[in-house]
Structures are given as C-alpha cells and as structure tokens.
C-alpha cells in the first residue's frame, strides 16, 4: 500500500512578504474589521521566544486512538505513519499546524522529524498539543507555538496521526490547508488566504503619528488628548514632525522592529 | 453622553511602605492568621520576572459581550470605552486589577494603554486574562501578573469592558476598589485595606533566628531541632549570635532583599 | 502521640547510574515497548531549566481538607504535620513526589522545608501542585517539576497533608514509594522499579547511525532514506563511518550530553 | 445598620404577555436576527420539567467568600444576609436570576426562602449554581433552571451573597436587572428589555405553512421541497389549506401549546 | 453551486440484526477483548429513556465558526447549509452522529430537521453537543444521546456545520462513516464495521448459567462461589437446571429483554 | 497469593437510627456549625430518585491504570480483582463509596456485582464515576449517587481498582472507612463518625415553629417577620399553636416525612 497525501497551494511570495511587516496583533485587529472575530489559537504559547514567522500552513490532524486502524502503529513500516507524510510536503518557508486535540501526553514530533523539517526549510510549528525531545528540539531554533512538551511519543496513549492537509480545528480556530499563519510572542493566528491582500493594504495605512503618541503617553501625556490625537495634539504633532525632519540624520532611524499600524486596543 | 466613573480611596503612604518589606508569602501566611483563607489570585503568573510591587487596586470589570450594549464597541467615540476610563484614574504607585473572566482570546490592554499607565506612574497590572502587543508591552517593564497574551483586542470575541472601580472577582478572589495588592514571583494577593495595619505589625515580629536555621538546614541540620528551634538549638543559636556580633563588620550586612518573618510552611 | 511513617526501599545505586544516561524521552519510548502506556506526569513543567535528575521516589499524599482531622493544622505541635515527616526520610539522591491534587492555591513546601531537603541531599521535587516562597526557593537550584507557585501555605485553603510513602496518583500517573523518577526539560516520568533493569538494557542498544542521520536530515536529506536508514543510506553511512574514524582526533568528541538511543517518534 | 437595595423597573404587562406565546427557541432565533449572538444561559437545565415562564429578572450576585466581609455570615442578624434582600423585592410574575459562580457546593436558597418567593408570586428561579432542600423545594412547583442541588447552605464553603439588582453574568450571559427571562424545557434566555417589542413583532409574523410542512416531513416528504416550501410545494399547500377549511369543524383545533414562528434551524 | 456529499456504505442487514440482541455493555466488553479500549462516547446521555438502537452512522462535522466561510450562514440559499445535506442521506435504520465540539450553546438540529429525519426512517441521533426545540423534539420519540439542549440555533455563536460523512471524533471516539452505533440507557458506542461479525459470534457464546448466578447472588449467595461458578456451584447449577426443565411450562419463559452474554465486570 | 483486605468498624446501630431522621441538608448545616465546611460530594447526583439512605462507608480506591500491576487485569483469577474484595465486606445497611477519579469511561460495577451487593444487604452506592449495565442495575432499586453510566467495564481504559477500605477522596471530600454517609435527593454527604452523636443531638433541637412559618410564607407572609419569628409573630404563633391543639384529632398528624430542624439557609 502506498499512501498519497495532497500538497497545499502556497500563496504568492509577495503575499507572504507583505504580511511579514505586520505583527500578529495588528493583523488580528485588521482581520476583525474584515469580519473575522477570532483568528487566535488561544492557549498555545511561544516556546522559542523572539521567533516571529509568516508562512503557509501544512496541516496534520490527529484523532482519538482506535486500535483497529493499524496504519499508525505499524512500526514495521514507517511509511504508514501519517505524521511523516505531513513532513514530506515541507518546502522552504512552510509552517506546520497540528490538531493534536490539546493532548499533554503525546509528543507529536521529536528531534528527528523536526531536524528534517528544518533541513527542508520549514520555519514554524504550531501544535494544539506537544512535542517530545525538547532538550534536543529547542536548539533547532524553530518558531514553536504549543501547549507543552512531553517525553511520550505521539500515539503512545490516546491519540494517533490521522490525516494530512485537510481542514483542521487548532486550538478553537479553523485552519484550511494553505492558509497563512502569523506567529510571534503574542501567539499564532490564521489569516484566511483570500483575505490576505486586503489585510496587507489596510495594515499599510500606517499610523504615522503613533511614535509621537507613544512619546507623549510615556511621559504622562493625557490619553484623551494623544490617543487618538485631538485637534490640539494634531497641532503639536505637526510641529514635532517638522522639528524631527529638520534634525534628521541621513541614516535610517529604524529603531523598532516592525512598521506599526493603528490598532484598536 | 459623558461617562463618570468613581475614583478609589488610596491608603496612607505609610501603609504601602510598611507592606513593601513583606513578600506575598509572608503576607498570605499572616492574613491566614487574621482569618483570610485565600488571598491568592491563583492561575495568574508573573510575566516580568523579579518585579515586586505593592499598591492600591484600581479595578476593571469585563462582562460577557452583549451586542445591544453599544458603548464598548462604538469606535467612533473612544470615550465610551470603559477600559480607558479605568486608566484615567491612574496615580503614581497604582496597580490595576482586571476581571477579564479568564479569557485567553481577549487582550484587555495593548501597548498604548500600558504606555499611558506607566507614564502616569502605574506600577502593576493584574489580569484574570490577557494583554495584547506583548512584543512591545514587555519592554515597558511593568509588574504584570496574568494568564497569558493574545494578539486579539479586548472585545473582539466574547467579552467587553463593563465597569470601573466596582468590586470584582479576580481569579477566584474578591477585590474591592482601593484594596492593597502585593505581587511578586510567588503571585499576586489582595490585602483587605482594613487588615493592613495589623498585618504590618504581625509581620514585623520578625524571626531573628531564621538566618541561623537556614544555615543549619542547608548543611544537613535536623528539621526537628532547628525549625523551629528546640532547647538545644536555642543554646547553639545564642552562641552563634554572640560570635556573629563579635566579628561583625561596621557596615550593614543586608544580603537578602527582604526582612524575613516567621511563616508556617 | 508519635507519628511513624514508613521509609522506602531504594534501588541499587547501579540501577540509578544506569538510568542516568537515558533521557526521559528515550525512557518513555522504551517503557512503551515494555507495556507501559503513559509514564508521564503531564501538566507538570520544569521550573529550574536544565536540571535533569534520576532517583527513587519518596511519596506524599494530600487530601481534601477536613476540619475534624486536627493533626495537620495543630500549629502547637509541628511534629503532627505530615509533610514534615515525608522530608525526614530524605537521603542523598532522593526525589520527593507529591499528590497535591492539582491545587494552585496551596504551597506544599516553602523555603525552610526545601532548604532542609537540599541539605539532606535531596535532588528533585515533583508536585501535582505548587510550592510557595519561590523567590527564595528558586536559588536553591533543586530540580523542580510542578504546576505553579503560590504565596499561600499548604493547608490554608482546601487541602491538607495526609500520608507519607503510600501509593499516590500524581498528575494522572500511579507512583509507588521507591519507584524511580526520571525528570528533565521534557517532564517527569515514573519508571516502575521492577522494569528498570530491562529498560537499561534496551536503551543501551544504542543507535550508532543516529548522528549520521541527524547530519543528513539537518541538511535536507530525505526522511524516507535516512530515518531509518534504507539500503542506499546504509552504504553511505558505512563510508561516512570509515571516514570519521580515519580523521578522528585523539580527544573524545562527545559533544552531546547524552548517549542516544533509538526512539520511535 | 440598615441595608437598602434597589428595586427593578418592570416592563409593561403587555410586553410580558406578548412574549408568553413565544418559546425560548423562537426568541433566541429572532434575537440573533436583532444582533444578539448568545442569549442562552448554557449549562443550566430545567429541574421541574414542563414549567415555562416569562418575567422580569431580579438579580443576585455571589462573590468568592472573604472572611473580613462579615455581613454575610453574621447569623445573629439575618437582616445582613443579602440573598434575603433579593427576595424582599419579589412581586407576582418575577423571576430571580443568580450568579452563584457555577458553584456545586453552595445551596443559594433553601425551602423557606423559596416558599416565601412563591408566596409572594415569584414564578421562576435561574441559578448558575444550586439550591438546597431539593426534597422539599421540588414540590413547590416553581420553574427552576440551575446546575444542580446540594445539601450545603450557601456560604458554607467558598462563596457568599454580595449584591442585589446589579448587572450580573449568569452562565456566560450578561443579565441586567429588569431584563426579561424566557425559560422552558430548552433552557433559559435573556431578552434585553429594549429589544422586547421588536422581538414580539417579528415573532408574530408567523409561519402559517409550518404545520403543513411538519405533516409532509413526518411522512417522508423531501426537506428540499417542503422546508422551506418550493414552488411545487406552495401549490400543494394552497390546495391542502383549501381542503382544511372546507372540512373544518366549528371548534378551534388548537392542538399545540404555542403559536409557532419561523425559525432558522 | 451545487453541493454533493458522499453517502455511506451500509452493512448487511444481517449484521445489524445480529447486533440488535446485544446491549452496549456486552458489546463494549467484547470489543475490549478484540482490542478496542474505548468505544464509549462518554459524556453523552440518553434523553429519551428506554430507547435502544443499532444502525449505521451518518456523520456530520462541525467546526469553529469562521466568518469568511459563507456557505453556512447564507440564509438566502438553504441548500448551502451542510447540516441539511447530512440529513438528505437518511435511510431507514440510520443513526446520525455529530461532532458538535461539545458546544452547549448551539442547537445542531431543530424540530423540522428531526421530523424529516424520522419521516425518512432515521432511528437515532448521537451528538457531542445539543439540539434545540426540545419541547417539540422530545415527542418525536427518536433515540437521542447528547450533552444537552439549547434554544439557540446551530451557528448562532461559535461553531458551524462543515462536512458530511467524513471521519469524526465524537466525544473522544473516532467514528468512521458507516460504522455501527449501538446505543441504549448505558450510552452510545461505536462498533468498527469490520469487527462486527466477530463481535456477534463472541457475544452469542452465551452464558447459560448466568440466570442461576443472578438468582443466587440476589439471595445472598457468595460471589466467590457463584460468579463465576466454582465446582460446588456447578453441581448445584446442574441440579437446578434439571429441576427447571422438569417443571418447565410449555410456554417460552423469556422474562428478560435481551439474550445475555458473559461480561467481565 | 491470597488477598486480604481490612473490614471497617461499623458504628452502633443507634447512631445510624438517630441519623435516619435527619436529611442531608439539615446534617450539612449542623456539621457546618461543628466546623466541617464541606461534607458534600458535589457533582454526584441521585440516579434512583426518592432513595434516601444512611449507613457506614465501605471504601474502594481506583488508581490510574499501570500495566505492570497485573492483579487487576488477570482474568484467569478473578480473586485478584480488588473491586470484588470491597464487595466481600458487605453487611446489611452498608454503603459503598468509590473514588473512581471522576472517570466517565469506566463502569466500576456491573449488574452481577450489584446484585450480590444487594443480596448481602447493601443499601447505597456512591461513586465519583460510573457503573455499567444500567438497564439491569436500575431495577435493583439501590440508592445510587454517581456521575453517570457507561457500557465500558472498569479497567477497560485508564483506571484500575487498587485498594479496599483505605481513606479516599470522593468528589472532593475525604471519606474514612467506617464514616457515615447520608444520601438523598439533595446528594450524598459524609458524617465523620466521631461527630455523629453531637450531630444527632443538635438536629433534635427541632424548630417547632417551622411549620407555622411555612404556612405563613406560603401565603405571602413577610420573611422578616416569620423567618425567624419576630416578637409579633411569636405571639401569633402561640395563638395558632393553642388553636391547633384545641382542634387536634387524636391521631398523629405527621404529614411530612422527616422531623425538621432549623437550618440556616
């Protein structure tokens, strides 16, 4: 028997690049305006801090273990293990998203699988569940969002790998194969691929006065005046902006990691 | 329409200062002796390690979202957003305590709100829920105790800000506006403001033999002998104390961050 | 009244040494082959990263508080507190495992108890619950796996220490007094003491080609070819091995912390 | 000290009467069209089957117990017990809605309180929690929706009555004092009082063909044809209707308890 | 757009008939011997007591609501609602099994859908979630196993119908389209269709002495002697059996509803 | 190997008789006054309504399944199954209390075990978990308080019977072997055997005016006046009492099932 699983359709590189300048918080806020109430896979936290990734989702579905479905625990033929098949589709920039049913006793991937994933150019791992071999997985430096880690392997106890690149529910959010994931220290969200161009456009209407506001608030300025700017603050801002330009150094002054956009807090 | 929310009555500065030398563990133990079974907002963990704060509680209550209560999602007028009003009351040394119903999909404050809070002198944030913008909030260096972080904004999904400086239940503990919060790496507790003077008094009956006990236990001394001191250990302690004084340097030897008091472990 | 609690039977030192070279992930995988489905105390996480311990389990059982069982809250006589009695049995290399019923509001040990535990040679603490005094406990450098920390003491609210060195359920796993605990960054597992010799034997059939596989996967090699090795890869491996030996430096090249064994991921 | 708690504003009797012909399922469906996503206090089930009530909400809030707030456990003066004060406001047709924090160990009312409530004309009790004395409360025949029953009294363990006729969250739904509750075998929902007139209007656009559809579906008719009616089915319906009228008996044929309205299933 | 969903392959009628004489408890015990650890959809309870059904599973999968997937909330075209499509496949004797994600605020079917289901010969409904319209659904007399009831319709709040006759996880158990469901007052279990013939065979090795054992135990007989029968009890049984036959009336003495088989309790 | 498990010490028959006239609600209220905060095994509900039992507790502890502990799944020798041993101790009037860890997939007893239990005079079953064979267990008519029912047998999935007549935690309450259980439609509570005499005494100080109060409240009397009686109401009561006696029939007028005692609601 030979198992064949579908690949995903990856979005244009430009889409990924366009989203790379937007953090998950800005994206979630803009998606809300586009009608998406909850893109956040809540409960999954970053395990390699400061990793920030954007890429298309390979998906892997785990199901409650059923002993008559032998494909998944037939050690004699590793080719029958479906979590390996998810990995075979890896291309540079891919993110693998796994519905492991929130299980804290099943390590859905271990060191070897993730070494291979990284070797193939994979950049992020989002699991409603755990990995194992954390002492050896952590140094790989992949972006990882999950519930925890465990020494158990994946189908040791109550779940088993079941399907590759099918729609999944991951931490309460529907993820379609090929949807785009944005993940950073705030968590991991899904961007429905059709909404990505509009999201990029909206997020680029960036809030130029935001740095001014931040400076003012940080020194005790009134929230009502500076966020958003009222008429008086607009005038101050215009003056400040002129002053900034006058004294600008020729080097780029980029001191913050991301282009910032207006968010409804 | 103009929203007016009540301010809190802040305790005497001396009360806050008196509590500042007591950690949350000592305070919880003493409160127990004063009749309070559970002052700990369990499940909330520190997100900026080594922060340790004491101050009065501004409170903010979130409720399940109800679409007919428009005040909270009327973006046209940010003045109708009640989480902003909680912020307006900030004075130096204040701690904001939020019942966000344990929600992991709602970021009750973001970078701008917390920049303002810090700019006004706020020192601590205790949330039965999450903030958003963590990549930019973390560097503010506020003391923060909460369940997690999320990229979603606060009323994106299932809850909404509802009332300011009313009694709230935060992580299973009743917090009255103006109660005192003590929070450190052990977690955040509430000190009913009326009990604070008695608590300070009790906690100052400090356990002078505790450093001696620690030294003995650390080198294999018998728990039954040294904690608490039995008669034999008392004699050893007296001798040790004399020796300490004889060899004492003129400078204060304060090597531990806090005055320590006896605790029932 | 004098309380006498049983001690545990400790396994041969050789058993402990034999297990020390095996991580929790390898051990869990081998235990699965020996019939144990779930040795992992899921939900408990390491609080002192990079600690890795192996040792016999002292056990301590907490029960729901019942006010007529006075032994545990009779402050006048600390000798009636059963969590102290668990500590009295500490010998060098011991690990204490505590069923604290998953409680997040009870600190089952504090600084003094754990200072004593360390002073007596204890190396690890596994709690389905919390400790208190974390600001002072963390520096002790013990291996610690637990659900959280709290400023409350242990029987302040809803549970009380109840029995020493009896069978307990810790985080969903049965632990018999004297069973062996292996704990590291992946979590804490129980090794039934009778299975330890067989486990050591199996884990020593080490997978000599694993380093070769890792190198290949890390640089994009095909998972199907290199994990496990197919015929073609076996040939490559033989050649690589010969090359390695030819160029070997006289110094040991041990760059990884643990002897690695084959795992079914 | 004398405790004074606010009464509620009760809606016009006509509003209540208008809603009485609408079941909770129809009302929830119509509220959805009016923008309310979730009016259902999920998890609360009927304990006196076949009771069906509509009326204004008295509200009672319980909070986590705090031993320094003595009003609630001062037995000497029952007038300080706030759950009694909620009862004092009872008028004929009232429903009391209680946020008891989902507690399964606190009986928020017992036989005497509920006998009084019934004696005053109260008709329904909705509790995110329990009552006690069920053997004697059940025979009172009140409509009751709750999580369970318990022999404990209300503030025996971890919660205490705290406030009367304030906004509460009951089983995940915001209930304002004076909002209207509709409760039957499907569960209990809240109708924001301002939306009630519109809800009544919409629900009265009743679906006259529904009985015809039911007959057809019950005998194997095609869902696609009869629900909703397609053109062919419309013609059948017109014929059926004519036939019905021709053979109609002079007595009203009302065989179903409620006027039925169109629902989006 | 036209939606086409796959039908299921139904097992031979003889298989269903063979299973009809076996209760869920006997079947679960025999499945355990065939290797299936947990066939029980735990947490779902019978809502129409005394119903007992056996039949093939139509499956329906609900997913977390995502507002960009419009098919499910496009009221203009009910043909895009996938829960209707599941119903279209109904044949006499079918059971519909629904993964509604344990949601207590979504009524996945209402009166009209279930009237149609019954009209088409459907016999059972198993839902990890709720139905609505219970006052009108209960009288239909279908076998129903579920978590609860709600007045809300299905996609009012957080989930939406997503796929028909795909593998689903229902209450922690994998159900393949066409698997056989056995459900009675003990709950609902899944019988993997391939295991059904063996299960029938095993369950028919009926335990003829069981009635004798029951009589003995009911009157104080020793469990060690009569369950299972020891040598002495075997002799008593033989004598009893002879006596029974001697006095047997010509009418069948079938006093119990089901052929009973040996179970390991 | 022969397994010997301890029996319990049963209280004097007079104690049981004395408690039989007190419902669980009155007993819980009185225990609270004696210092016991929470005697109620919350979450367990009656499955045979109107059963009301009082008796000593046999206890049975289940533990997480561990495959190396063979005693519990050795079918060849049923004598190694510990749940049978709990049953062997049954005497008339006994109640068996089981910590089955809240498991909804394990039926800790089935028809045969419970037939034997009833045959031996057992009267009640309290389980933090489930039984199986409910279609045949229900007709036995035992008092049963539990979380649910399941067709699975007890150690089919994740737990196993472990110890007999040891202290257990059942639904959050400590139960010692031989403690007394009172269970009725309100639920099941534990009475520490030492507190039973005092409890009986207190509960007998019966509230003679309670029937008068009930009559008054049921007809709209003021709660403040009649519960408890104020001076004016006392006078009314005295008059009413005199009138009652004057018109009393010679037969006892006991119309309520239980002697009633004053309860703090």
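Which chain is which? They are A, B, C, D, E and F, in the order written, and residues in each are numbered from 1.
Everything below uses one rule, namely that contacts are C-beta pairs under 8 Å (C-beta built on N, C-alpha and C of every residue); 3 or more make two chains touch, one makes a residue touch a chain.
Keep in mind it's a predicted model, so treat the numbers as computed, not measured.
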Compute the shortest path length in steps from subunit C to subunit E over the network of touching chains.
-> 2
Labels of chains that are neighbours to subunit A and to subunit E | none
Please name the chain that ends up farthest from subunit A once chain centres are defined by their CA atoms averaged.
-> F
With respect to inter-chain C-beta contacts, which pair, C-F or A-C, contains the greater number?
-> A-C
Of all chains present, which has the mean Cα position farthest from that of subunit C?
-> D
Would the interface of subunit D with subunit E count as same or different, where same needs over half of all numbers used to appear in both copies?
-> different
Using CA atom averages as chain centres, what separation in Å is found between subunit B and subunit C?
-> 32
Once you find the CA centre of subunit A and the CA centre of subunit D, what distance in Å lies between them?
-> 42
Inter-chain centre distance, subunit B versus subunit E - centres from mean C-alpha coordinates, in Å | 52
Two or more other chains in contact with one residue: find those residues in subunit D.
-> 37-38, 172
Name the shape of the chain contact graph, picking from line, ring, star, complete and other.
-> other
What chain pairs are in touch here?
-> A-B, A-C, A-E, B-C, B-D, C-F, D-E, D-F, E-F
Subunit E contact footprint on subunit F (complex, rising order) = 75, 78-79, 83-84, 87-88, 104-105, 107, 109-113, 115-116, 118-121, 132-135, 138, 148-154, 156-157
Given the complex, residues on subunit D that touch subunit E span 23-25, 27-29, 32, 37-40, 42-43, 45, 52, 172, 184-187, 189, 213-214, 216-221, 223-224, 227-228, 257, 263-265
Residue ranges of subunit B in contact with subunit D within the complex | 34-38, 63-69, 101, 162-163, 167, 169, 172-174, 192, 194-195
